[in-house]
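The data blocks that follow each hold one structure.
Look at the two complexes coming up: subunit A is in both, with subunit B in one and subunit C in the other.
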Partner chain A sequence: MTSIAPGAPPAGAPRTPAPPAPLRVALVGNPNTGKSTVFNALTGMRQKVGNFPGVTVERLEGNYRDEDGRLVTVLDLPGSYSLSPHAPDEAIALDVLLGRAEGVPPSDVIVVVVDAHNLDRNLFLTSQLLELGLPLVVALNQMDAAAGAGIRIDVPELIHELGVAVIPTVATRGEGIDALRRAIARAPGFPRPARQFALDAAAAANIAPLESALRDTGLAPAVASLEALRLLAHVNPEDPHRYGAAVEHALQRARAELAAHGVNAHALEAERRYHWITGVMQRTVQRPPPGGRSMSDRVDRVLLHRVGGPLIFLALMAVVFQSIFTWAQPLMTRVGAFFDWLGVTVGAYLPAGDLRSLVQDGIIGGVGSVLTFLPQIAILFLCIGILEDSGYMARAAYLMDRYMRRVGLHGRSFIPLLSGYACAVPAIMSTRSIEEPKDRIATIMVVPLMSCSARLPVYTLLIAAFVPGLTLYGLFDLRGVTLLVMYLLGTVTAFLVAWVFRRTLLRGPTRPLIIEMPPYRLPRIRPLAMSVWQRAMLFVRRAGTIILSLSVVLWALATYPHTHSAPGTPAAAAQEAQLSNSALGHVGHAIEPAVRPLGYDWKIGVSIAASFAAREVFVSTMSTIYGVGDADTAGTRALRDRLRDERNPATGARAYTPLVAVGLMVFYVFAMMCMSTMAVTVRESGGGRTGWKWAAVQFGYMLVIAYGAAWLVYHGGRALGYAG
Partner chain B sequence: MIRRWLQTKREAAAAKADCALPQGCQHECALSACAVGGQAIVVRVSCSHHDACRLRALGVYEGARVRVVDTRHGLILDVRGSRLALGTALARLISVLPLAA
Partner chain C sequence: MQTILVALIVAAAALYAGRRAWTTLAAARAKKAGGGCDDCH
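Let's turn to the complex of A and B:
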């Protein structure tokens, strides 16, 4: 279709061809098909993370320009096994594909990523997508794994069976991606796909009135047929109401008539689709004759052993935490040294006074003290990524289901809980894969008890300052073991709290475990590195925004008003006086009565108060407090030494004993000190008043446990004679 | 609590003895009662509609053939070439007809 727009260039003038209209692509697929890798391969680093309007389901969009210079926007939809939504993220995928998601423009092309190694089960979703009547391209991914398993797929025959373009890809190596881009560009010009199987005449006649009622609501005939089968199979009380009373009535009638003919309406869709899939598989796929156990089965014999399985799981977790502490150390030392150098170098160009102090102590000291922990956080994300990509994460959920169930949690709760070790925000968002609302809210309530990466700077600082570097049994470093104990403390408490919630506020049955076990695979370096990079950059951005602003504010509070000490006053005493009389000092003294029973002084009180917004700010606050007035000692290493050497000016005794340090770590294990987590809890637990209620419950119970546990450690330790 | 645990174990053993015949049996039993390596045809999915719908989408529908791969922590099934893990409680609600070995 052409049109002449007002103001078009006159005939004869040189014409520049108008760029083709942008194309919107929806990327769908089962979990574990390499969908994210296809998305990354298509869009490179041009990605934007956001949320779908009104819900916290992550919306990942990227774009590229095709050969014609056309802008193609790719929307990566949540992984889904079918178009029957069982969880909020699957519901979003369905709404986007049906073009009824609020704030999301309709898609021009659908790309379904299917696992060539597991084509059979993946064709279920594909068969549903064919009926949407939108241009569809099939990315037949992981062709290398299929070939390795001796599976041969007749691609031209598969194209013939499905009636759409099928592009073999190995997204991890970028193979087939150009062909996929070309197929996407051409797809709108291809004939529209349609249902490839027919229902029995009797069943079709029984369903016809329902299809007609759906068409009357404005659905296209093909989509009405798809929706009819889906509504018959899926019992979701909200679904029929989307279409009104006429559809609800037709649905009940169709169910009754099918039952009268001996047809199970709920099983009709699965039975017909899988019947068709069986035929397609017979005509297009050659498999090697079944011979014994697969490699994954053999590995599972060991990793899922009745006794050995949980022990191996615990050993793997121990290795993860040990590596976080030991592997990261040399890198952390270098990052710390870099910020030391940067502070001194920049300071040399600035006149002595407030400006130098602001840059050196407030900005470089504050942000640097948090960024020092970037290597540890990257290693944690790397470990979680390896567990996910290798296929072990699903096994861990399966192994843990029995234990999770005892405290009223679901096996699927395990993955959000484990992700909570990295960051509670994505962990809480990942609870959307848990179907039952009470299971989901119980998981959300306890996820922040898992020690996230933001607690790591606090633990590392205090452990390095107060726990001796002894070796236990010639194998484990006492510092690594202490770190593991902190993580275990949070984890065990999370289970206990979940047990209490499921017997009080969230009483009800737990949904059974249904989880796919993907075959074991060697994680690919490039996608893994990309995922670690993206997550690490989120942490850096946070350091560059929230922590930078708080560092500057805290520096100002610690610097003003100035206290002029008499000439000849020792530097340490002058610094103490400056801090004590500053605005921050006044806040600290006001807080001191509340934290004194825990053995803390006003400086720790200030750091705790400052870190209510983000717990890693504790370190930058301590760094700012101890950096003020002492330009030569920036950086975490110096801070560690300063904490160790800090003396009470009145008594001369050590201000921070190992007992205080352990109490402080325990406080941070339990305390809910993260605005971002609170915000995501509000939205994920229902939003509005309900969301705020759950966020308040979460904040309150965690603060009570934190205060109580820290008090118990301090007073219990003293009662047992560990005064120093 | 111990008595309840022993009772559960006895019931599970009885169910297994009843149905997990290596040469296959001709009557329905719970999927949870099938032995490792046993194949069966799904007869009924009696769990909640929500779970049944998910199971059917994953290939566990009335008439589907499944093979039990592992029973140590729950149940791992071979469903159309992919591995599906189910909790034991759910597997008790799926009725199957075991096939001859």
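Let's turn to the complex of A and C:
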């Protein structure tokens, strides 16, 4: 008798072969090898971003199906020069590869991305990975750059030297990616890689007891040999404690015996590996005879010139901010017109009353006023992307390092500071690559002074409303120059504040920047487009979630309780009374004494307070306030026009002047005004009481500078005769 | 009817904004939590 399990195919039906078991791939490599491009080429858009458990290091995973229909999950590990971690993000890469990272399944295959243009340096990490005993595939990337520099690599010989598959790729053009996928699929069936060099007999004998002690802790023999060399190198003093007293004792004995034989235990690993690498390079790589300067060198002589370099940098920044205004304007007008049309059209279908006002003034007015700035955000990230991809950003880091060192900032602070132009939250998280706590805290303290993209809508609204579109020297628009000044103001102040911190609360030595200069190249369209698209979508998501919800709440606060004016009251006066007597009006009047010395009225005060949730909320709050309070029921007047025309009901004078607008922009340059940044500062500066203490210091000093600077602008301007 | 609809929309928005504020502050308290860029977006 036969039984058929539920769901099983009936007898005689063709059987569908079960898909092969899923495969997990760890993608590793030195920084600047094109690892992310390989990751994108392998996985396309099927990616998700998260965090490794227990640490705030970004975890990027993607997947694809190979030719056999097998699901392959690729984990993009943080860039690392070796398996000897110097910072938390490098440590997580090691833990994942050794299969000891909490919540991360062990990898079936390792793919190491190496830069064909700098093969010798990249082979150090590769030589360590060979010893993990896991299937390994080498993606020999940037073959085009190597060929361009006249470097010829004998790939079959390299395969022979390493004992693993080597796939030449140009990930930016997708070349070699199919072959890489095939190599990944076959890698589990290949012989396991192993150490490709031997220690001399005396050193091997001295280290053998240490390897044995490590094997006793459960490590595989190959991994124990790798760990023995790593522990002897003594990069991280905490490492030996992980394995217990027996290993610590064996380590001390091995060091003593090596010293007795005249071997420097710390340098043993590096010496042996580089000796092996030198041999591999001689047998596999042909370099062109040393000749004159390369094209990159000649360009660098100009762009990195002591005087000319910073001037060119400033000129480039001026062009960036100029383009934000001039290129974005036609698109902004169209986006604005779309939301105006949407407001009028939707309003026509709704009965007069609160619901129509909520949809027109609260939802469409609030969200639309922020989304109008989407073209500017996209252009900002397009410009940053072009500068990064062309290789110029690394030069900018070099130029800035001169100033950063003077104020005591660590060389590694440049990336967090640069990221701060996009958003302070990931920028503060990226300070985890800075190992020294005082260096990290100093960077965290000043990152929010870099003008993030959320400030851009505030700046551009006020600039468009109050700064005339004059042309300077027949070249630059005054509006673009004003925007550049706001960004520079934040950056220069960040350096000054860092200087103060490094000489008071956070004293310590300054470390230099070690940075690799990538060759100059034409920016690639696809990665640029992806980066701009992702940033634009984040902005849209923000507008559709937090800004939408706050716009609705602020509309309600501005609308209730209703005020019934006497019959015959002019519409403008009735609506001003409504606003003034609303819940929002009451809150605003309570705040007003604090902001009045800066020349602000209660509407600005309440908009500043609301923008603590997200800086763009300043714009949506102003839009909602003026939407609710506008006699123009169609609600089609641009917010900047409403701000320009606003009059003080008591005096009839203009409520907002260019001086108030400049003071307000300066306030936003310096003020913290971001709950998410504050939360991430608490967490990243130590959490608990320590974290809150640093967050309070950050919020406090920024508020003092913001208030003081806005006060100086307003009163200084009036004293100089500008209409206040 | 219109009043009820408006009240529901406003209540939902207030709840959402409150929840976002709460999760952001909770992420600050959780020293070892993942958090990430979702905190700000």
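Everything below uses one rule, namely that the second predicted complex is superposed on the first by the 693 of 724 C-alpha atoms of A that agree within 3 Å, B and C clash if a C-alpha of one lies under 4 Å from a C-alpha of the other, contacts with A are read in each partner's own complex, and residues count from 1 in each chain.
In this text, contacts are C-beta pairs under 8 Å (C-beta built on N, C-alpha and C of every residue); 3 or more make two chains touch, one makes a residue touch a chain.
Bear in mind that the values here come from a model prediction, so they are computed numbers and not experimental data.
Of the two partner chains placed by superposition, only subunit C is touched by A:Cys423; subunit B is not.
By the touch criterion defined above, A:Ala556 lies against subunit C but remains apart from subunit B after alignment on the C-alpha atoms of chain A. By the touch criterion defined above, A:Leu355 lies against subunit C but remains apart from subunit B after alignment on the C-alpha atoms of chain A.
By the document's definition of touching, neither partner reaches A:Ser212: not subunit B, not subunit C. Of the two partner chains, subunit C is the only one touched by A:Leu538; subunit B is not. Touch criterion met: A:Val682 reaches subunit C, while subunit B stays clear of it.
In the superposition on chain A, no subunit A position is in contact with subunit B in one complex as well as with subunit C in the other. Looking at the complex, you find that subunit A touches subunit B at residues 81-82, 84, 86, 118, 120-121, 124, 233-236, 264, 266-267, 269-271, 274, 287, 296-297, 300, 304-306, 309, 394, 398-399, 401-402, 405, 411, 435, 511-519.
Residue ranges of subunit A in contact with subunit C, taken from their complex: 49-56, 58, 351, 353-355, 358, 423, 425-426, 429, 538, 541-542, 545-546, 548-553, 555-556, 613-614, 674-680, 682-683, 686-688, 691, 695. Of all the residues in subunit B, the ones that touch subunit A in their complex are 45, 47, 49-59, 61-64, 69-70, 72-74, 76, 79-87, 89-90.
On the side of subunit C, the complex with subunit A involves touching residues 2-3, 5-6, 9-10, 13-14, 16-17, 20-21, 24-25, 27-37, 39-41.
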